[in-house]
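Quick one: the structure is below, and I'll ask about it shortly.
Read from first to last, the chains carry the letters A, B, C and D; within each, the first residue is number 1.
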Amino acid sequence: MKNLKLSVLSHTQNKRTVIRVGDVRLGEEFVIIAGPCAVENEEQTLETARQVKAAGARMLRGGAFKPRTSPYSFQGLGRDGLKILARAREETGLPIVTEIMDTRHISLVSEYADVLQVGSRNMQNFTLLKEVGRSDKPVLLKRGMNATLAEWLNCAEYVLSEGNPRVILCERGIRTFETYTRNTLDLSIIPAVKEVSHLPVIVDPSHGTGRSTLIERMSLAAVASGADGLMIEVHQTPHKALSDRYQQISPDAFSLLVRKINRMKSAMDDIYRDES
Amino acid sequence: MKNLKLSVLSHTQNKRTVIRVGDVRLGEEFVIIAGPCAVENEEQTLETARQVKAAGARMLRGGAFKPRTSPYSFQGLGRDGLKILARAREETGLPIVTEIMDTRHISLVSEYADVLQVGSRNMQNFTLLKEVGRSDKPVLLKRGMNATLAEWLNCAEYVLSEGNPRVILCERGIRTFETYTRNTLDLSIIPAVKEVSHLPVIVDPSHGTGRSTLIERMSLAAVASGADGLMIEVHQTPHKALSDRYQQISPDAFSLLVRKINRMKSAMDDIYRDES
Amino acid sequence: MKNLKLSVLSHTQNKRTVIRVGDVRLGEEFVIIAGPCAVENEEQTLETARQVKAAGARMLRGGAFKPRTSPYSFQGLGRDGLKILARAREETGLPIVTEIMDTRHISLVSEYADVLQVGSRNMQNFTLLKEVGRSDKPVLLKRGMNATLAEWLNCAEYVLSEGNPRVILCERGIRTFETYTRNTLDLSIIPAVKEVSHLPVIVDPSHGTGRSTLIERMSLAAVASGADGLMIEVHQTPHKALSDRYQQISPDAFSLLVRKINRMKSAMDDIYRDES
Amino acid sequence: MKNLKLSVLSHTQNKRTVIRVGDVRLGEEFVIIAGPCAVENEEQTLETARQVKAAGARMLRGGAFKPRTSPYSFQGLGRDGLKILARAREETGLPIVTEIMDTRHISLVSEYADVLQVGSRNMQNFTLLKEVGRSDKPVLLKRGMNATLAEWLNCAEYVLSEGNPRVILCERGIRTFETYTRNTLDLSIIPAVKEVSHLPVIVDPSHGTGRSTLIERMSLAAVASGADGLMIEVHQTPHKALSDRYQQISPDAFSLLVRKINRMKSAMDDIYRDES
């Protein structure tokens, strides 16, 4: 555990955790999750799902419950959004990753989702962490906006200690003084996580940068840093999105991006072939 | 609203909000809230309640549900803690302020508490905010560790927009690079809140500094900055406390502190008498 | 020294340092320093000097060399600015505090200034610190924008270790995520400095908040926190100032403020009379 | 210039700046700079120079004047250090990058150095920036510990506006709340710089992470992010280094690393071949 102070860390074990979701084996194979920030309507969601699948995405993301800074912003479609996601899975076979914000929604969201996402603002919502720790669904745990590695892993520990061993960590940018980007994507946390935890860790360059023009380079850099996957926001018409319009990319741009990511992944495999 | 961007701010109104809790009129009179970080047992809590009341505290604070970084730290006594707080109220007449962390606990906590506290880590737990917004209890909303004023007021707006007009803001220190203190108490936010909101705002110098030796000066400075009250952690034997042992002060120290605070409050009243 | 790690701290001594500048005894009496952000012309400077003296200021501040983010912003009048400051001292008797940015200017600035100011951006300009450490003028050392207490005191140590014992520390706000204020004035650093150092420490609420409307409350709170003085920007017509126009106050506002500060200082003396 | 506010930005031009230093063409070819944190003695420096050259480094770095937090830490060998660096250049042909901290040292350092480095703590030492702006040597400008992109580019502008067009930007980690790493290496700034400036930008993963175990991954990620080069600290016996002992790597480790970096660079060339 090097110099990281964790009072107890049950997740120190010898081999890396691999998380199976459908035929996806996150932690063993590199996994791209894609989809719109928010589920806005059925047509948008299904069309995006088809396109990101065709491009190479292995899971579909989409928010039905949206944590918004203002109570007057679009809050998501709720249960209707979950149903749309389920239809998208039915059609494409892509497992669904969606955010859960309320302990009372566990059974509702679990009916439709394959992976329960806990967002940055809820990273230290310990009640929610304990509840998803009693679920049989994998949990995608985003790093808080100003969380240290030790705090983040302690939050994973809340889930693990309740009996759910399937936690996927997700770096999504931390708050810094920089204003050019929405957040500062901290790729150095990827090899740091690998040093002290057996859990898989992915990168969200969409929230991490908040600028669509920076996503390609940061996706490639995330692969090079050793991430187990990427989560990327894709929208039919980004400039008309109901949320996060500056950071979503079009299905076509996503398709080109996946090709580059795959080539980068091959290069990394070559570089590390001799070592493994 | 000056240069603060809030899409809608229902809490802009002409007169300052006064929040009545028992015979306390927070926002009109200066109010000191005191008590242990956590309710550890009945004897400790009752004795502390008696002593802080004798010293001049107007409300009793104490945690029954504790948000802790590690799942293996003391998590609070839960319902038993709430019952102990209720007995302390019965004996001393002091209204109870206690933290709520779970939407499912609203009715449980409301049975015992007079003010529902939403902690820093839950400031953007929007689900919880909406739920306490439907309660008939006043809400003490702590500022998040890296929250801007606009974000904090938007969280208050979540409560207000659900119909609960009784929100007390509480500055409790923000995270900075300083390591000498646990947090950095931001007193400049007090006059800033007064410029843009009608809600009362108090200061928690215990969490704000994390060092018992700094509490006196920061309490006096909080009064001078225009705060409507203070929330101070008091423990029978701080060095034996189950949490926050470096920032709690003894009942005797608290008693001396209240006298200084009262003299500071008088001085401020004198300074501003001519203006009002 | 509590938990503050300083490899060697020559400035731990038994009694507090008092710094004499003319008839001012900073560290023993509460001292207000005032004047324009930048020396813009002779008339403005002399008139401001007269007015802040009449209001109760004990030293005059004014920048001749200005550190500006952009090379195309007004950079100060240089030597001409220093000469204007000297004339203001001649007329009012107020000692001069002015910033030095260049090691090659030591003898030039020392001809005119009574106190050499090292600005925030140069806090860790170790070359400059060593040079002013060899000067016979007192040094006003501003805290860096993201400096910890330990780093700041180590910078003071650079001056002290070269033989100049006369260092005045100045808190001027640190950079945080808050955007409502220009910086976040950290008043908790005042009692912290008092715990670990014998050096006097003053507060600059003008840069510390960047908003003229917050200066009064933060000045009073600074007195309550235990500061040894205040440095306040005053300009004839703040909205026409060549720099810092949102944070400078008029001579009339300054005059009213000084009266409140004096009443606060009396109140603090009363509160602490019995203890000393 | 997108949403980056710079009052005037003379360095917006159509083609990317290429900086020639000896036979190195930084900005056109990928360049690795390596060497010890500090020049400790002749033998160490010469041996390291030979080894990093053999491994593929194109320039030699080494500090003769060291900016240290404490005045009692090793401050560098000064002029003797510069002479040792010159001998290393003589023997290996590697151009020298070394830090300058004092405006009065311009001619001294320029006698020996090929590139003048301005360190993080001096990023806003405007006097020094103007002085190196009048020099005929290229300037390696490190990003300040809490500098925004706009502030950093404005500092480059200070150099450019004095007539020196040869500025190399260097990301070296920013200060965040993370304690596992020394700093947080911000790779997203690399594509951001490319969007708004024609200047080359390199990455220093040694200071950027402060942990030797993270340097490999962050070097590869830096290449993937689009950096024009890397600056890496190499020491004969890192654990005995007089400064930065946790972040320096051995010549052998460096040699292996360069091979991986080269393979990554080839992969990136392949990925982007079709686009250029």
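Here is the rule we go by: a residue touches a chain if its C-beta (ideal position, glycine included) is under 8 Å from a C-beta of that chain, and two chains touch if they have at least 3 such contacts.
Just so it is clear, the structure is predicted and the values come from calculations on it, not from any experiment.
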{"item": "Co-neighbours of chain C and chain A - touch as defined", "value": "B, D"}
{"item": "Pair sharing more residue contacts (C-beta pairs) when A-D is set against C-D", "value": "A-D"}
{"item": "Whole-Å gap separating chain B and chain D, where each centre is the average of the chain's CA atoms", "value": "48"}
{"item": "Length of the line joining the C-alpha centres of chain C and chain D, rounded to whole Å", "value": "35"}
{"item": "Averaged-CA centre spacing for the pair chain D and chain A, given as whole angstrom", "value": "34"}
{"item": "Touching two or more other chains - residue numbers and ranges from chain B", "value": "146, 150, 175, 177"}
{"item": "Chain A partner contacts - residues on chain B that touch it in the complex", "value": "6-8, 67-73, 101-104, 121-122, 124-127, 130, 145-146, 150-151, 154, 157-158, 161, 175"}
{"item": "Residues of chain B defined as touching chain C within the complex", "value": "2-4, 146-150, 174, 176-181, 184-192, 195-196, 208-209, 211, 213-214, 216-218, 220-226, 260, 263-264, 266-268, 270-271"}
